[in-house]
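You will see two complexes here that share chain A, one where it goes with chain B and one where it goes with chain C.
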Partner chain A sequence: MLIEARDLSYTYMPGTPFQVEALKKINLGIARGEFVGVIGETGSGKSTLVQHFNGLLKPTGGEMCVEGKNIWHGETNLRKLRSRIALLFQFPEHQLFEETVFNDVAFGPRNLGMSGSEMEQRVRFGLTSMGLDFDTYRDRSPFHLSGGEKRRVAMAGIMAMRPEVVVLDEPTAGMDPVGRRKFMEQVSRLHREEKLTVILVTHNMEEIARLAERLFVFNRGELVLQGQPAEVFKSVSLIKETGLEIPAFSELLQQLRQRGKEVRTDLFTVGDVAGEILKLSREERT
Partner chain B sequence: MSGMRSITLGHYLPGNSILHRLDPRAKLMGLLILIAALFLIKTFSGFFYFGLFFVLTFVSSRLPWRYFMRGLKPVLYIVFFTLILHFLFTKGGQVFWRFGPLTIEENGVFLGSFMTLRLILLVITTLLVTLTTSPIAFADGIEFLLRPLRVFRVPGHEIAMMMTIALRFIPTLMEESDKIRKAQMARGADFESGNIFRRARNLVPLLVPLFVSAFRRADDLAVAMESRCYRGGDNRTKMRQQQVTCLDYLGVFTTCGIAAAIVLTGV
Partner chain C sequence: MSNSIIETVQLCYEYTLGGEKTLRALDNVSLQITEGEYVCLIGPNGSGKSTLARHLNALLLPAAGDVYVDGLLTGEEKHRWEIRRRVGLVFQNPDNQIVATTVEEDVAFGLENMGIDPPVIRRRVKEALELVGMSTLAQHAPHLLSGGQKQRVAIAGIIAMRPRCLVLDEPTAMLDPRGRREVLATISMLNRQEKVTVVHITHFMEETLEADRIIVMDRGKIACSGTPAEIFSGELDLESLGMDMPAIPALARALREGGLPVPPNTLDVDQLVDYLC
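Up next is the complex of A and B:
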């Protein structure tokens, strides 16, 4: 396992009246090259969890391991770890600070000790990997871009570090549908082509069902369910109990099945579901 | 997170004790009287009675003492510094200790412990009030106390409003700076090592986004207030009407009486 949590617990402000137990004995593992989704209601502990993956938070109990080694024992270089396991926070456009897009994207590579053409190459990679043209954007001010562009520049800043893993904390929150689709297309392309490990925290069930290979469901600081999307969304009552929704397609297919129709329930895209229903109606006619 | 933890100074803890229920205006007046008394006391026995009064009120407030002590921590450095300065540099009276040019003399020890005690009592009394008064109630109290200054065109309401807004945004901005700090750390930023100039320069990636977001929030808030037709000052009614009860009068008068008694025994 690349990333592994063992009995991981985290308590905010321990020893004060404001103490909150955010994570309770979490056990999970994520392998190299996987695309996993983390879902749960607001306040269920998912954002707290992902901040443990690159050592931004230190667990108050249990272990956080990367490649089998506890990152808080011995001499794991946390700065190096953070360039391998990159984290993109919610509303990442708020972290932009440089005068030009180039400089902002170059911030990460520069912190890794790069300069000159090597750095430029990284910036070029970062921008193009998010579908932004290097020459069009390099000298523009990040503060004068549109919301969607800002967010892609922020993500480019992460990609310029050439991480092995990216953790995305609700990356498309508040974006319009087109911007959201473009953003997620780039991410899944990076996952396919660059073998990037992606950990996606989201509220968008349709999106996660389509993209993720495995899901972790959180409720009040506990990992209540994990498995492939089709498996996870079968536990309708448990999912609804945690305050989440079942993707509409999943629910549709499951209802058809309950009424005795022979349909697959592990389909999450319009095309697949339409095909399945057409097949069904054809069978019924004959 | 470490930054969040140390700022417990003046962090309101909800509760239902007499001290919590007292009107903020009464509490502020009581506090002013006690601070005045503190500066009038000239003897240690005065401080002793004052401390006794503090302990009684503290126990009645049912605040967890551990939490209270933690709020005191940042002040301890100043207290310690005061003590050292007085010990070393206030001269006169019997010489207790000598090391080269350094001497600790009677007057220094006396004045040092005296000032330290006064400072500690000052801080813990204030802390007791801020911990039992919600920030909004506190600002309301300030507005009331500033009212007589209207004669001198002091904009009491505006000052109180600014205080409320500032207090309201401290946690928000702390959270924001924590988030930006982490986001930049995820891009390899280093906020912990290097000399002071390097560190200052390393703060740019933190400060620029923080200022941008502070201005954005200020703008949003201004628009939100404007669209609700906010205008401060005269003829403005309050959502929470403060009711002065017998308890409040009793509180202020008791405090006055006790403070006077302490001052009289301690002069």
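Up next is the complex of A and C:
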């Protein structure tokens, strides 16, 4: 396992009246090249968990391991770890600060000691990886971009570090449908083509069902369910108890099955679901 | 129009970008909203939705054209407070809207500013909290509530002022699925049961399916408007307007293209299951 939590617990402000057990003995593993989703209500522990993956938080119990090694034992270089496992915070556009898009994206590579053509190549990679044309955007001010573009520039800054893993904490919150789609298409392409490991925290069930290979469901600091989206969304009552929702297509296919229709329930895109229903209606006609 | 609670007439607004440069955010928007209507406003970021919303209770004033609320012109200063009492605005982030240390004090804030008698305030706060389902938490500290609860407290604070129209600017953008459901149920109840006119701005297409009318904005203009069944019938190219189809209408369109004559007013799972079974 690339990333592994073993009996990981985290308590905010231990020993004070404000003590909150945010994570309780979590065990989970994420393999290299996977696209996983982390879902759960606000306050369920999702964001606390993902901040452990690159050592931003130190567990108050249990272990956080990367490639089998506890990152808090011995001499893990946390700085290096954070360039391998990069975290895109919520509303990352608030962290843009440079005068040009180029300088903003170059911030990370420059801190790694790069300059000249090597650095430029990284910036180019970062921008194109998020679907932003290098020459069009390099000299523009990040503050005069649209909300969706700003967020893709922030993500380009992360990609310029050439991380192995990206952790995205609600990356599309507040974006319009087109901005959301463009952002997620690029992330999905990086996962497919560059074998980027993606850990996505989101409230959007339709999106995560379509994109993730595996889901982790959190409720009140506990990992209550994990598995492929189709499996997870079959647990209708548990999902609803945790305050989440079943994607519309899962609900539709499951209801059709309950009414005696022989349909698969593990489909999440318009094309796949339409294909399945059209196949069924052809069979019924013959 | 006599039964319009809100009317905009060739409304224009420009933002100054510094120097000579301006950005036309609203471009000749003429619009009427009927008393009791539930209107959803959709459109990409920058299409003018929020700018329009801020004109509906005189937070912004037209650069050209007019806005009438209940027949009162927003440009006339003497009407401004009355207009703001009649049209309440709820914003995206509940954390920025909460001012007091307990839920009931927070809801009372607007009423106190209006100089209303304390016994009346107490009654209205109690009623408003009951309406949004927050009475049991009246004494709680607002910062300890969930996002959905906070947003319902913000709505209660507006409702307590007995507005005739509620304008909500992406009220669910920061919420998890449960919070979103709670807030939507509250909005819908206020409209259907209390007959409050609702103008709801959202980026979530699924949230618009209960509206009486959807207005699609594009670059400061009204691109089109119609019932959810009309807007999501598959005839309009919503994608080119920067919007999406909700899941079930998108599927219904794909099924029609595949030769299955699903009616164009199929909007939710139950309707589609009934058609297919």
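We take it that the second predicted complex is superposed on the first by the 286 of 286 C-alpha atoms of A that agree within 3 Å, B and C clash if a C-alpha of one lies under 4 Å from a C-alpha of the other, contacts with A are read in each partner's own complex, and residues count from 1 in each chain.
Please note the rule applied: a residue touches a chain if its C-beta (ideal position, glycine included) is under 8 Å from a C-beta of that chain, and two chains touch if they have at least 3 such contacts.
Because the structure is predicted, anything quoted here is derived from the model rather than measured.
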| item | value |
| --- | --- |
| Clash or fit (per the criteria above) of chain B with chain C on chain A | fit |
| Chain A residues touched by each partner, larger count belonging to chain B or chain C | C |
| Which of chain B and chain C A:Lys261 touches, first, second, both or neither | second |
| Which superposed partner A:Gly74 touches (first chain B, second chain C, both, neither) | neither |
| Chain B versus chain C as contact partner of A:Phe89, first or second or both or neither | first |
| Chain B, chain C and vertex chain A (Cα centres) - angle in steps of 10° | 70 |
| Partner chain(s) touched by A:Gly116 [first = chain B, second = chain C, both, neither] | neither |
| Which superposed partner A:Gly108 touches (first chain B, second chain C, both, neither) | first |
| Overlay on shared chain A, then closest C-alpha pair between chain B and chain C (Å) | 5 |
| Shared chain A contacts, counted only where both chain B and chain C touch the same residue | none |
| Complex contact set, residues of chain A against chain B | 12-13, 15-17, 51, 54, 56-57, 79, 82-83, 86-89, 92, 94-97, 107-108, 111-112, 143, 157-158, 161 |
| Chain C contact footprint on chain A (complex, rising order) | 41-43, 146-148, 173-181, 203, 205-206, 243-245, 247-249, 251-252, 255-256, 259, 261, 270-271, 273-275, 277-278, 281 |
| Touching residues on chain B, where the partner in the complex is chain A | 1, 4-5, 8, 13, 64, 66-67, 70, 176, 179-180, 182-190, 204-205, 208-209, 212-213 |
| Parts of chain C lying in touch with chain A, wherever the complex brings them together | 43-46, 92, 146-147, 170, 173-181, 203, 205-206, 239, 242-244, 246-248, 250-251, 254-255, 258-260, 269-270, 272-273, 276-277 |
